[in-house]
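The first chain written gets the first letter, and so on, giving A, B, C, D, E, F, G, H, I, J, K, L, M and N; residue counts start at 1 in each chain.
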Amino acid sequence: MDTLTLIAVASIITAGFTIALGSIGPAIGEGRAVSTALSSLAQQPDASATITRTLFVGLAMIESTAIYCFVVSMILIFANPFWNHVTSQLAGK
Amino acid sequence: MDTLTLIAVASIITAGFTIALGSIGPAIGEGRAVSTALSSLAQQPDASATITRTLFVGLAMIESTAIYCFVVSMILIFANPFWNHVTSQLAGK
Amino acid sequence: MDTLTLIAVASIITAGFTIALGSIGPAIGEGRAVSTALSSLAQQPDASATITRTLFVGLAMIESTAIYCFVVSMILIFANPFWNHVTSQLAGK
Amino acid sequence: MDTLTLIAVASIITAGFTIALGSIGPAIGEGRAVSTALSSLAQQPDASATITRTLFVGLAMIESTAIYCFVVSMILIFANPFWNHVTSQLAGK
Amino acid sequence: MDTLTLIAVASIITAGFTIALGSIGPAIGEGRAVSTALSSLAQQPDASATITRTLFVGLAMIESTAIYCFVVSMILIFANPFWNHVTSQLAGK
Amino acid sequence: MDTLTLIAVASIITAGFTIALGSIGPAIGEGRAVSTALSSLAQQPDASATITRTLFVGLAMIESTAIYCFVVSMILIFANPFWNHVTSQLAGK
Amino acid sequence: MDTLTLIAVASIITAGFTIALGSIGPAIGEGRAVSTALSSLAQQPDASATITRTLFVGLAMIESTAIYCFVVSMILIFANPFWNHVTSQLAGK
Amino acid sequence: MDTLTLIAVASIITAGFTIALGSIGPAIGEGRAVSTALSSLAQQPDASATITRTLFVGLAMIESTAIYCFVVSMILIFANPFWNHVTSQLAGK
Amino acid sequence: MDTLTLIAVASIITAGFTIALGSIGPAIGEGRAVSTALSSLAQQPDASATITRTLFVGLAMIESTAIYCFVVSMILIFANPFWNHVTSQLAGK
Amino acid sequence: MDTLTLIAVASIITAGFTIALGSIGPAIGEGRAVSTALSSLAQQPDASATITRTLFVGLAMIESTAIYCFVVSMILIFANPFWNHVTSQLAGK
Amino acid sequence: MDTLTLIAVASIITAGFTIALGSIGPAIGEGRAVSTALSSLAQQPDASATITRTLFVGLAMIESTAIYCFVVSMILIFANPFWNHVTSQLAGK
Amino acid sequence: MDTLTLIAVASIITAGFTIALGSIGPAIGEGRAVSTALSSLAQQPDASATITRTLFVGLAMIESTAIYCFVVSMILIFANPFWNHVTSQLAGK
Amino acid sequence: MDTLTLIAVASIITAGFTIALGSIGPAIGEGRAVSTALSSLAQQPDASATITRTLFVGLAMIESTAIYCFVVSMILIFANPFWNHVTSQLAGK
Amino acid sequence: MDTLTLIAVASIITAGFTIALGSIGPAIGEGRAVSTALSSLAQQPDASATITRTLFVGLAMIESTAIYCFVVSMILIFANPFWNHVTSQLAGK
């Protein structure tokens, strides 16, 4: 049952650190984008429509890298092909 | 009972460090966003409605990356599929 | 009794480092937010109501990431499901 | 069955850290690009067409490096040639 | 008596590093807040009441993250549930 | 079968980290280039043709270093000469 | 006598590093606060009473995090409950 | 067959990390150069010929350090003298 | 005599690194404070009495964190309770 | 054949990391030099001859440190005296 | 003679690194203080007496942290109580 | 033959990392010097003779630290006294 | 002869790294001091006597921390009390 | 012959890293000093005699820390007292 244990442990550790490390970059990047949006709004309130639209597109792009990490993290926990292969093999044995 | 122990230990350590590391980025990013919001409010008090609205949308986006980490951390502690698989197997044995 | 020891040690170490690492980001983020609030107040004393309100909402958002870490830390010490499972199994044995 | 385990563990860990590390750079780079786009829009609202177009081309270039990491990560999980070689060899044995 | 030793050692090391690491963030954050408070006071002495009040609320929020670490550190030294469980079990043996 | 395993594991780990580390530099460098392009466009909209052309040449140069990493990563996964040598030797045995 | 040694070594090492690491943050934070106090005094000598008072309150708050570390360090050396428990047990044996 | 394995593993790992680490510096350096070129073009559009020419010479110099890394990486994969020596010796045996 | 050796080695190493690490923060913090004091004196020579007094209070506060480290370091070398306990036990044996 | 393997592995790893680490400094240094050259050209187009000449001398000096690394890297791969000594000894045996 | 060796080795290594690490902070702090003193002298040559006196007091305070490290380093080499205890014990044996 | 192998491996690894690490500082330092030389030339073209002469003296001083590293690296590869001692001893045996 | 070897190896390694690490801080601190001295001289050539004198006193203070490291390094190589103790003991045996 | 090998390996590794690490600080410090000298010359060409003289004194001071490292490095390779002691002992045997 060693194979099972090792794959489970590796999946648990990797799933956690993937989303933990993967949230640092996007959080800082979004903080920067939101921060400039606010000071731009204060400087040029008339352009608020364009600024808000561009901000949302930008946030979506940045958030996408966090989503990639979350997806990989979820795949490793709930749809891990290596785990499925090994458990099905053990069940079929 | 070794498999159980290893998975438990890995889950405990990963759950803690996931939320610990995952809170650094959002906290700094939100600090930056709030900080600029305040200086923008001081600079252009008339735009306070737009600034506040944009700030809340931005904080929600940034907080979402912290939420991802919290969700993974909670899944690992309270709804860990690997732990459930192994304990159910041991119980059925 | 090895399983018990390992889970206890992992919980102790993780609980401590979760809150230790998890307090760095929020403390710096809040320091930044408070700092800008103060310089904004000095620059525009008339907007003090809006600035104070926005500051408190922001501090609450940032503090929330520290709270997540504290909650996980407390769960690991006082309501650890892995520890409960193992001790109840040992007691029932 | 050792070969299988080792390759699975290596693939899981590498897949997670590839996308986790690979999302830091693009997220920060895009945050910077979006941030300057917003302050440029506030400074020169008339050039919003050129700025938006250049921003999107730039974001696409930066996102491409995150995509490379995501592709490698997906290949390692779902189309790993080493895993396929070994499992087909074991099956044919 | 191995379990006792391991838990004691882990508690000692974790208690120390929790408060040591946990005091870096708050100290720097408070330094920043106090520092801006002073330059704001110099710039706008008339707003000293508002500035002082906001500074104290902010310092309380930041100090709270240091308090969390101190509480966890004290719990690990003086009210450690894992240590109590193991010593009571050994005593009852 | 040890040689096969070791080479596969080394290739998997290296392929992932090569593209992960190799995307940090280009992403930040491109973010910087795009960011200055946008503020230059806002400052001198008339020079938009020259700026855009220079930006694209520059992005191509920077992207090239990411491409090198991607190429090495793909070679290690799909056209690994060491893996081919060893598998052909084992097949011919 | 192994338990005694391990706890003593862990206490010595932790006590030292707790106060060593714990003095970095407060020292830098206080340096910042004092530094701004001085430049504020030079800029607005008339507000010296308010500035000095606020500085002392701030320094007390920042110093408190260093005190926490010193207290934990002293507890570990001179009032270590784990050490007392083990030595009293050995004495009673 | 141990020698073969070790050299193959070392070559694979080194080839990947050489180009991965070696692309960080050039990418950031080129980003800086392109970035200043763009702001110089916006500031002095008349000097665009001289600026573009100097930029290309500079990019070539910076790119050369990335090329060195790529060359060493390719040599290690496709024209490794140590690998050739050992395989020819084994073949001649 | 193993216990003696281990405690001695731990005390030596900890004593040294405690004061070494503990002198970094205060030295940098004091450098900052002195540095601003000097530029404040140059800017406002008339306030030299207030500036000097505040500087000395501040330096005393910052130096105190270095003193904590020195005290712990001296205690570990010359008044180590763990060492005394063990040597007295060995002598009494 | 162990000596041969160890020297080969050490040479491969060192050759790669020498040029990888050695290209970071020059690439960043050259990026800085080129970057200032471009902004100087934009500021003083008349001095372009002197600026270009000084730039080329400077780039040559900086590139020389990258060349040192490349030379050592090539010596380790193609003209390694330790490898030659050992292979000639083995051949003469 | 193992105890003697271990204590000697630990003392040698600790003595060296204590003064090595302990000289980084003071050197940088003093560099900063001297640097501001010089620019203050250039800005306000009339206050040279006050500036020089304050600089010397400040340098003495900063140098004191380096002296602490030097003292501990010398104690460990020439007046090490642990070494004396062990050698006297061995001599008396 | 173990001594020979160890010395060869240590020399190879040290030679490479000496020049690799040793080229980072000089390359960045020279980049800084060249960069300021260029902006000084643009600001004061009349002083070009003095600036160029001082630049060359400065570059020579900075390059000298890289030369020290290159010299040590070459000595370790081609004139290693430890290697010579051991090989001559082995030959004379 | 093991004790001799260990002490010699520890002394060699510590001596080297003590002066290597210990030269980083002073070199950077002196660079900063000299750098400000030069710009102060350019700004206020009349105060050159005071500036030069203060610079030399400051450089002497900063250099002193490097001298401490050099002294410890020399003591460890040429007047190592631990080495002398052990070799005299071995000789007297 | 083990003692000989260990001392040789330690000397080789330490000699290389001493000069490699020891050249980083001086190179950056000198780069800073030269850089300010050049901009001072451009700003005040009349003070070129004083500036050049002060620069040379400063460079000599900074270079001295690199020389210390080079001296220690040379001593370890060519005049190593530990190596001499051991080889003379082996020869006299």
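To be clear about the criterion, contacts are C-beta pairs under 8 Å (C-beta built on N, C-alpha and C of every residue); 3 or more make two chains touch, one makes a residue touch a chain.
In this text, all values refer to a predicted model and were calculated from it rather than measured experimentally.
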Item to check | Starting at chain H, fewest touch steps before arriving at chain L | outcome: 2
Item to check | For chain A paired with chain B, centre-to-centre distance based on mean C-alpha positions, whole Å | outcome: 11
Checklist entry - When the centre of a chain is set as the mean of its C-alpha atoms, what distance in Å lies between chain F and chain N? => result 38
Next on the checklist: Please tell me the distance, in whole Å, between the geometric centres of chain A and chain F computed from their C-alpha atoms.
Outcome noted: 21
Next on the checklist: Counting only residues that touch at least two other chains, what does the list for chain E look like?
Outcome noted: 11, 13, 15, 17, 19-21, 24-26, 28-33, 35-37, 39, 41, 43, 55, 59, 66, 69, 73
Checklist entry - If each chain is a node and each touching pair an edge, is that a line, ring, star, complete or other? => result ring
Checklist outcome for this item: From chain K round to chain M and on, the chains in turn are K, M, N, L, J, H, F, D, A, B, C, E, G, I
Next on the checklist: If we count contacts the way the header does, which residues on chain K are in touch with chain I in the complex?
Outcome noted: 2-3, 6-7, 10-11, 13-15, 17-22, 24-26, 28-33, 35-37, 39-41, 43-44, 46-47, 50-51, 54-55, 57-59, 61-62, 64-66, 68-69, 72-73, 75-76, 80-82, 85-86
Next on the checklist: Applying the document's contact rule, which stretches of chain A touch chain B when the two form their complex?
Outcome noted: 1, 4-5, 8-9, 11-13, 15-17, 19-21, 23-39, 41-43, 45, 48, 52, 55-56, 59, 63, 66, 69-70, 73, 77-78, 83, 87
